[in-house]
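What follows is subunit A paired twice: with subunit B in the first complex and subunit C in the second.
And now, the complex of A and B:
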């Protein structure tokens, strides 16, 4: 017995020493959390966002004029609300974390805002587009640099009406993303005098859309609006062609990817889609972002929302530099952000922490590339959208 | 040595073992540095071999079988002390509560799969039934404790829809029925707007006789009350499961699993016992789901996918099929390990899977194998204690 007791005592002692030794004295180290989906179906976006946030931290650490050293704590929410709440709790409970760049998936963000509020941890959403995340509560901690789907669809509806289209059929997936787009696009289009002839919800893994498309063919819409992401977008577009539906194909931010063009080939020509934020290539800061990103040799591209993660991380760094590591002060500082220059254009937060300058960029596919509308042959009149 | 002294020494050894285990577990939860985590795991393995060398697992098993009250006391008291000790550690408490809740759900599965041999691949769906019942009813004015009970009841009732197909089929086919239910349940939630659709539902905080669970309890963490509730629930469900196993009920269930034909020849009503195990198991899972939903404060269909059902099943298999005690360390491994591997980011599930495979290779019957049923007491027999 005595021998055992000795051994156990030894173990506990060594453990104590370990624990004691771990309380380090890095006083000027500031941690920032990044939360996004690193595994699962949308992990490409999560990893792109992670790399972009990581880039912001690395650039800040390389800058000798910065007062603090930064460290990125990366957490995977798996695009699942329960895991999201778990990792948000983890980030919020860590007293060395002073800000979070969080969430690509809307369903996760809606669930975690309470956690951030409870622990008073300032957070900036970098990808989730559901309006309720910022507008569904009055928590001062919650901010968002990307626009909501309200902005996106309002611009889209106005633009389409101006182009002379009046009748739509809608296919959307039944995730929050697709359903939200359906709702807000319909609202905007009816406000501007357009008409929705029919709407069809499909599950996110549906393969065959012949039933929906046959009905749509009978409705004879001028435009087929699609609210969803690339994989189903490709299927809908190709099956639409097989049924000889002449309508114009209009998508959302979810299909702006090279995979869409690869999947549909020539059919992609003339597809329209809309995305929040200016195109990174067109802003001076954006160019810097893209070149720096290349220099770091990350194994995967930043994807559509990488610049937003980069801007969000930079905003938190700037807040820490201005008011020091203090969650309450950082929240206050972020709430007062007006006309802040960033890689995604100017950022100004409204009372709900929503970026008020929702720059929406219009894209059209021309010769197998996503081209900004203003720079395309369609704008200059050399080509015509299908009618 | 006198007999009385021998008992005392054994009790002390067990108490010491459970204390050290608790210390290691808590340290593992709190510590973030990879090196320290490695050190703790090393200490744990070292401790395990020391304990094995002294024949402690065998002694624990004996006490567990024959002196349940002593067993519960020696296990529970260090846990209570540990909780008091880390009452400010939000995240550790959150993880402890999650583990307890998953363990509770898996006890329900043990009843179905382990005792009766009913494969239930819809565990997460029943977890969801409990969660959604709570989400809907909490927003009405019904006492919360009752609401969680109703969550369990609802899971049992909805589970009874499956009774007929489960009784009519055997083995793989019965498993297919439950898989179909799991898929159906998630799709149903996604298209159903009254239950929040794909975005899920927000849940008001848990109240227990005027005590708001989301307010800090006695100046400590928000999650302390949930940890206590979850551990209590687990303890109650564990004792019930254990009592069922030990009694003639368990004997009947075992008979049904081992050989249906023989069992019915001996006059056992196969259908009745299957219904009992299936319904009671679902009831337990529903209770766990209810509490889980309360703690998360927000639930969405993506929490209850088929993949989550597989996680529940793998906990039961990893713990050792049919051993309720094994479920607890197994859910600890499955829930906490992916979380502790966050530092390797997108590769964590790869490593996690390898670890699980390794455990199954070296302990093919799970962490704690279910012992043979003993029909008489062995406690105090010289031969056994000397082992």
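And now, the complex of A and C:
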């Protein structure tokens, strides 16, 4: 009986594969590449972005009004520039791929833009914030839906000065990403009358920060500004506690993730960070995105940049639907995007392909959640930031 | 050079030294008895810290345990699991390759390390993210003069030093230690004297891996955070420390561990850009190795393991 059932199942399965194979041949198949860090320390963000792009593809395929069938080609850049260039070349060399949703790590993106340009593959950055990615070249293929660290740090500096803080110590990683944050934050904070007492560049995989923090303890800053991403953010925050450093911990968009809160536990309370765009819950399409994401039962959350990856994938799908699978035409279409409604708000690309998102949202950790500053107990005065 | 808070720098360096020494001792033990370099050692350490984390979380699910009991049980669990893992590695991967070139053992354990690392990342829930390690030690501070030392830091330093001391005594004074030293000096003669070669090798691997688990737990308790790829860097440092001290010499490994921590701390105080501290430490280690290729305490001068 068991054997018979197995055989029937096998036949049905192969029939299914056969039928499925046929049906997908009827409409043209368009491939879209997703590139992000799927392994390594920041893979939580990469996987969140991957799932979100996947969601965009699945929703498009379920929509019968679409002219094409889509397939997501997922590639792992491991947050390493050399690997990033390999996989970007792989995507660009595949003639069935007509667009890429690429890169969470700035150090990778800044290296791969040349590849995308050389192969004329239109790409949209979904997470990397280094200004040079869009402003350091005049490649028409390169676009970015999220903002840059210049706006982010300017808003952050203004806000912190308004809160009454004057002295900072900076820890930043020595990648382009960390160095950029250090540079732009310092520029803004000095412009508004703040002072940087000391800055410490650290390697991106450093484990022990006690030596740097001991030096910082001697400087007695009011705020410790951290320019880097989640894994070392977690380490710096926990090791600050061991040395009894009372300073406020201020991060960047790089630590806005559930992983930061999970890693630091109670110590995350009162951590500040800033990010471009509004939070998914408060956007017109955000509710829809979060509900659909939940329905798909992905094993991990979309993380902070998931909505950006979703919006980027949707933009490429829209371009393909409008002008057909042709890399040059898609690039041209994307460059003309103005006031496009998306899950992250309106998208308009400037001459460099940069989305001119006007809004920077301020976040504070409250009871184990990233809460928008305006909605927090800290804003209403019920709780106080550490001083 | 900035020497403010020198006492704090010394304490930071001591903790690092204790952890590095525990890792280095493992490398030296394995090299001593079998002439092999087991590159998965750092990942065994990491797996040990995850084993302790699982045990501790499980205990807190069961009910209210005093923290010291939670710590003891988690520690024992981690040590016994890693000792078993060490024995299995020795039995199934290292001993069968005894006739092969040593490069093969090095490669196979390197790959095993990768497998352990990726297994933790894939099978532990959200394993790519750093995980908070439970705070199982008292966190009050003692103030001695101008110096402030936290109790958990002191316990880690003293506990680690004790573990190394006990291991040293065990190797010098006990029957098992005598057998280990006999196998290290001459496996063939040791066999002729009635020493069970295989049992001693397995025992040594259990001992070294158990110590790695202890180092892993100390690392977790100190940083309050563990991550799947922590073992890689600690493995490289532990191995360098063992080599610079004299691979095969127990005292050399301990000296090497503390030397490395000392160099890192000096580097951090010395340079205004602390990112240079690892570069500085490794450059000095390279210079020492060029000066004394067999290590500070080479095998000729000292008893092997």
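In this section, the second predicted complex is superposed on the first by the 352 of 387 C-alpha atoms of A that agree within 3 Å, B and C clash if a C-alpha of one lies under 4 Å from a C-alpha of the other, contacts with A are read in each partner's own complex, and residues count from 1 in each chain.
One rule holds in what follows: contacts are C-beta pairs under 8 Å (C-beta built on N, C-alpha and C of every residue); 3 or more make two chains touch, one makes a residue touch a chain.
Predicted model, so just to flag it, every value in this text is computed and none were measured.
In the superposition on chain A, A:259 makes contact with subunit C only, while subunit B stays out of contact range. In the overlay built on the shared chain, the residue A:176 is in contact with subunit B alone; subunit C does not reach it. When the two complexes are overlaid on their common chain A, residue A:246 makes contact with neither subunit B nor subunit C.
Counting the residues of subunit A that each partner touches, subunit B and subunit C differ, and the larger count belongs to B. In the superposition on chain A, A:203 makes contact with both subunit B and subunit C. Of the two partner chains placed by the overlay, only subunit B lies in contact with A:76; subunit C stays clear of it. Within the superposed three-chain model, A:39 lies in touch with subunit B and with subunit C [touch as defined at top]. When the two structures are aligned on the shared chain, A:235 is found in touch with subunit C, with no touch to subunit B.
Subunit A uses residues 39, 43, 47, 174, 201, 203 to touch subunit B in one structure and subunit C in the other. Contact residues of subunit C toward subunit A in the complex are 2, 4-5, 8-9, 12, 15-16, 121, 126, 128-132, 141, 148, 150, 153, 222-225, 227, 229-230, 233-234, 264-265, 268-269, 273-275, 277-278. Considering their complex, residues 1, 4, 7-8, 11-12, 14-15, 18-19, 22, 38-39, 43, 47, 50, 74-76, 79-82, 85-87, 89-90, 92-94, 106-107, 110-112, 114-115, 118-119, 130, 132, 174-176, 179, 201, 203 of subunit A touch subunit B. In the complex of the two chains, the subunit B residues touching subunit A come out as 9, 13, 16, 20, 23, 27, 31-33, 36, 39-40, 43, 46-47, 50, 54, 89-91, 94-95, 98, 187, 190-191, 197-200, 202, 214, 222-223, 292, 296-300, 302-303, 339, 342, 345-346, 348-349.
Interface of subunit A with subunit C (complex): residues 39-41, 43-44, 47, 174, 200-203, 205-208, 210-212, 214-215, 217-218, 230-231, 234-235, 238-239, 241-244, 259, 262-265, 300.
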